[in-house]
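One structure, pasted below without further comment.
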Amino acid sequence: MTGKIPRPDMTVKIGSLTLENPVLTAAGCFGFGREFAEFLDLNSLGAIVVKGTTLRPRGGNPPPRLGEVPAGLLNAIGLQNPGVDRVMAEELPRLKGLKPPIIVNVAGETPEEYVETARRLALSPPAAALEVNISCPNVARGGMAFGTCPLQVETLVRAVRQVFPRTLIVKLTPNVTDIRETARAAAAGGADALSLINTLTGMAIDIEGQVPLLANVTGGLSGPALRPVAVRMVWQVAETVDIPIIGMGGIASAKDALEFLLAGASAVAIGTAGLVDPSVFGRVQAGLEAYLVHRGIPRLEEICGLARRNWKRNMPAKQVRENG
Amino acid sequence: MTGKIPRPDMTVKIGSLTLENPVLTAAGCFGFGREFAEFLDLNSLGAIVVKGTTLRPRGGNPPPRLGEVPAGLLNAIGLQNPGVDRVMAEELPRLKGLKPPIIVNVAGETPEEYVETARRLALSPPAAALEVNISCPNVARGGMAFGTCPLQVETLVRAVRQVFPRTLIVKLTPNVTDIRETARAAAAGGADALSLINTLTGMAIDIEGQVPLLANVTGGLSGPALRPVAVRMVWQVAETVDIPIIGMGGIASAKDALEFLLAGASAVAIGTAGLVDPSVFGRVQAGLEAYLVHRGIPRLEEICGLARRNWKRNMPAKQVRENG
Amino acid sequence: MFEQRRGLVLSHIPLGEEYRELTVGAEGMAAARPGQFAGLKVGKALDPLLRRPLSIYHQDRGTGALHFLYRVVGQGTRLLSGLKEGDEVDFIAPLGRGFSLEGLSPNTRALLVAGGVGAAPLYFLAARLREKQVPLTFFLGGRRAADLAFRGRIAAALGEDLVIATEDGSLGRQGLVTGPLQEFLDEGPGREACRLFACGPAPMLREVARLASVGGAIPLQVSLEARMACGFGACLGCVCPASGGDAPYRRVCTEGPVFFAGEVEL
Amino acid sequence: MFEQRRGLVLSHIPLGEEYRELTVGAEGMAAARPGQFAGLKVGKALDPLLRRPLSIYHQDRGTGALHFLYRVVGQGTRLLSGLKEGDEVDFIAPLGRGFSLEGLSPNTRALLVAGGVGAAPLYFLAARLREKQVPLTFFLGGRRAADLAFRGRIAAALGEDLVIATEDGSLGRQGLVTGPLQEFLDEGPGREACRLFACGPAPMLREVARLASVGGAIPLQVSLEARMACGFGACLGCVCPASGGDAPYRRVCTEGPVFFAGEVEL
């Protein structure tokens, strides 16, 4: 009776996609997969989220684009990308044979650009899903404006929904007073899932040059420094909407990923940590599996949101309300 | 002709106060000064900002109240304090003889509580200034609500202004979509200066216990992780209002303090870093002085906001607009 | 009182896989009392940010050098374990309220109950009690022998006064350490003369408190742990629930880490 | 191509106050080309977060071991300087496009111009050129002699082919390193045979580019620096402005760090 312990079921569902495992790449931190193919088997990923794509090619922001801050990274890439047509002609076909679904991150400066980009991507079967980035803080027009106003979020998502029939994910910005409002709006607009969070707007000063460190002045803060804010937002949104959440922001270990899953995310994405240490994807997957095996939990899904369920059970009734 | 290099003039003005130097303590991270007196000469500080004080005594939140996160600290103290009457009877008299002005941080659950607390403190001469904390994220009612709505901020500040004749500082929360709006509102309500920023709301999960790490679920993120967001907000607000800014959030070295001053702050406060290393106050003061001496700058004031002035001068005209 | 300073690592000795004895120079530092602790900065970067609290395990008479006995459990203690002789450590000490020795005399008997590395402050206490010629018995428990890999020094100093129990029976008595304690209380020299001191996991402390209270209360002092940001009373982060008194909470770092059993909820 | 691995520190030698030569084991690693670099993780914590890019200074033929020559300038290099023989380092290598050796022959002359620690990739290049019997002159400049405290190995290998200049005249010729270069170009064997390679601060590179272009253009390759997050082309963070071509920017980490002078704006 020396029964083998069965491997836990790591699959997760995001819209109409079934992912083999819950570990995704974060947009803009994995290019179109070329570079990372040197380090890992792309087929081992849960899904591949590729670089932010816009209707027209974008050169991006002038350098310096990067700053290192405590346990974090500031970036102001400015959505440099070859434009949707070249992405469809050159990048997506290369990725077609892969097992993990390809999720194309989409950005724009006007609602019309988002819609037109999505319409074109609808014609490209390798684009299994879109992740609509209504949250990029680096583009002066566009980005932020859509992402912070619930009404605009709902309108934009609805418009994209109408032209893109496959899985539609909406990526939210943390630079808002109450992320539950934009989350609700995105769900109301027809999103199948939410990605959160994008970067917090930050900046640094070059004290020698006595000027802002980034040419763009402000940039997006990513990496472990961001994690407590990201976990909080996943926790808040998980109670607010019924659609799955892809959690991200500072994940650098299985422990970090577990925080997101226990807080209510169905899957996780890794950005900055992968830039620094490409082995992180494998380490996180293995660590998640070991956690389940160790506790005899047969399916990953069972731990999603478990911290809230435990918390509600343990609290005296009067204390079960949202704090902060 | 071996002239001594004169020591730079480090004084700064905040409302009607003139501070000998720009290094302050951050509220809640210095108690009422007792403990730190073991490590440093309290007279060496620019001003002493004491613990958040409420109308009635508060026991604070249940433990655990603390979590360590990458380059940061999560806290949910919950404004534990003995109440304004005991603060006036026991704590402030003890501080009366000191050179640096005493700034009392004030919080409440209703506008009436703020006003009544301020009215009482107006009768206590050692309270040279108030810092109205409309941003504490840990108190379920109160705190957040006032701090995120510009109209409520203006009304509250105006009401406190009417009962407190000395220097009135308003401390803003970073948990908003656009901090310029609340900053404008506080200035319109009659604030003499602004403190920014308070903590970002964050959380962490205990993956062993599978529950939130803090009993209060969410807590305030402080420490170096917060700094890029804080510098960005100081930069944004410095362009928006004409009153002085006390910058804080993750300052742990003179270099960090310089980022805030160059971005537009007139003074800085140190919280978390002082809890970890009480020698930081002296190090930052010495480092600021050395920076000025090294560059032959006679007065600290000259570097306040210098990064913006340099940036405007260097940029091609069309690029001089706010990004992000 | 306490002060912040940099000391040199005088020695750093591995004791089994998980434990280390670290000795740090502290010339002229105030004499520490058993139960007091130090806040040690680990690493030179901003992550990890906070000091790590470690009980004072021993202080050399002449030089003031501080000894710590610690277990490598996470990032901070792992970084600490990389310190080499001659490296510098930034620490604040001595912190907190130590054990009260009031009323202890050669006519009383001190019962020290330690779970795992909770032995550190109690060993320091035992040394002081020996000086005062207070008879003592030191109960030391752990899950397995390996959890008590640090016991050499303690065993050498205490000899027969040390009673060891392990849950798996791999060393000393089998079972929880509170077993031998209970027997001692039942069969021993009479509860009146006994004074209890305990440091270890919460369930152990609760059981010791129960044993102390049933049938003629024995004064019990416990040393608690809590997550700390400052360690010196300024942040109010380390509180534990008070039992009795005005305030609902007490600061472990300054009002503790040693409390009388009645002062806090265990 | 490149790979991520852990290597052991084989040696770590201080060269003056500010410089170190670090040798890391890399058994069986692909042979690196001069101008390529490695991304080294410094410390084990999350701060500092990013790898530090260091040029490959030398690679041992048999073992593949990588040598780095670096200057301690900030937090990351300070942490790096704490590594001891036998410690492990996580690195990614070999990264980037190295120097092109096309068209170089015993009939050409390579002129290598280094500012300070910019000597690292050029020394590796010099070693390869020697193997190919390409005549070369190595111009090495710094502010003061102390800035060139690492020069021993380079001087020993290059002998008379090394020309040193310091701004304060404390070593070699007095003045900028571009002074001797200019003289050489004016008086030397004829510009046609010359090939220029430069690594150092931006003003130096601009002056070298100017000298390369006035009066019969000499092909010039420069090795650039930029802040990097990944070092392998994925983040688009390290770009520099392109001159000519479709795209406005080029990635220093993958299209560089070595560029022909015409490819980028200096």
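Assorted remarks:
The first chain written gets the first letter, and so on, giving A, B, C and D; residue counts start at 1 in each chain.
As a convention for this text, contacts are C-beta pairs under 8 Å (C-beta built on N, C-alpha and C of every residue); 3 or more make two chains touch, one makes a residue touch a chain.
What you see is a predicted model; the values in this text were computed from it and never measured.
Of the two chain pairs examined here, B-D and A-D, it is A-D that is joined by more C-beta pairs in contact. Across the assembly, the mean Cα position most removed from that of chain A is the one of C.
Here the CA centre of chain B is 46 Å from the CA centre of chain D. Averaged Cα coordinates give chain C a centre that lies 54 Å from the centre of chain D.
Centroids built from CA atoms put chain C at 37 Å from chain B. Shown for chain B are the residues that touch two or more other chains, namely 67, 70-72, 223-224. Across the assembly, chain D contributes residues 46-48 that each touch 2 or more other chains.
Taken chain by chain, the contacts link every pair, so each chain touches all the others.
Taken together, the chain C residues at the contact with chain A in this complex read 46-47. Chain C contributes residues 1-4, 41, 46-51, 90, 92, 226-230, 232-241, 247-249, 254 to its touches with chain B in the complex. If you check the complex, the residues on chain B that touch chain D are 70-71, 224. Residue ranges of chain A in contact with chain D, taken from their complex: 28-31, 34-36, 38-39, 59-60, 62-68, 70-73, 75, 77, 80, 223-224, 252, 272, 275-279.
Those residues of chain C that touch chain D in the shared complex are 43-48, 75, 79.
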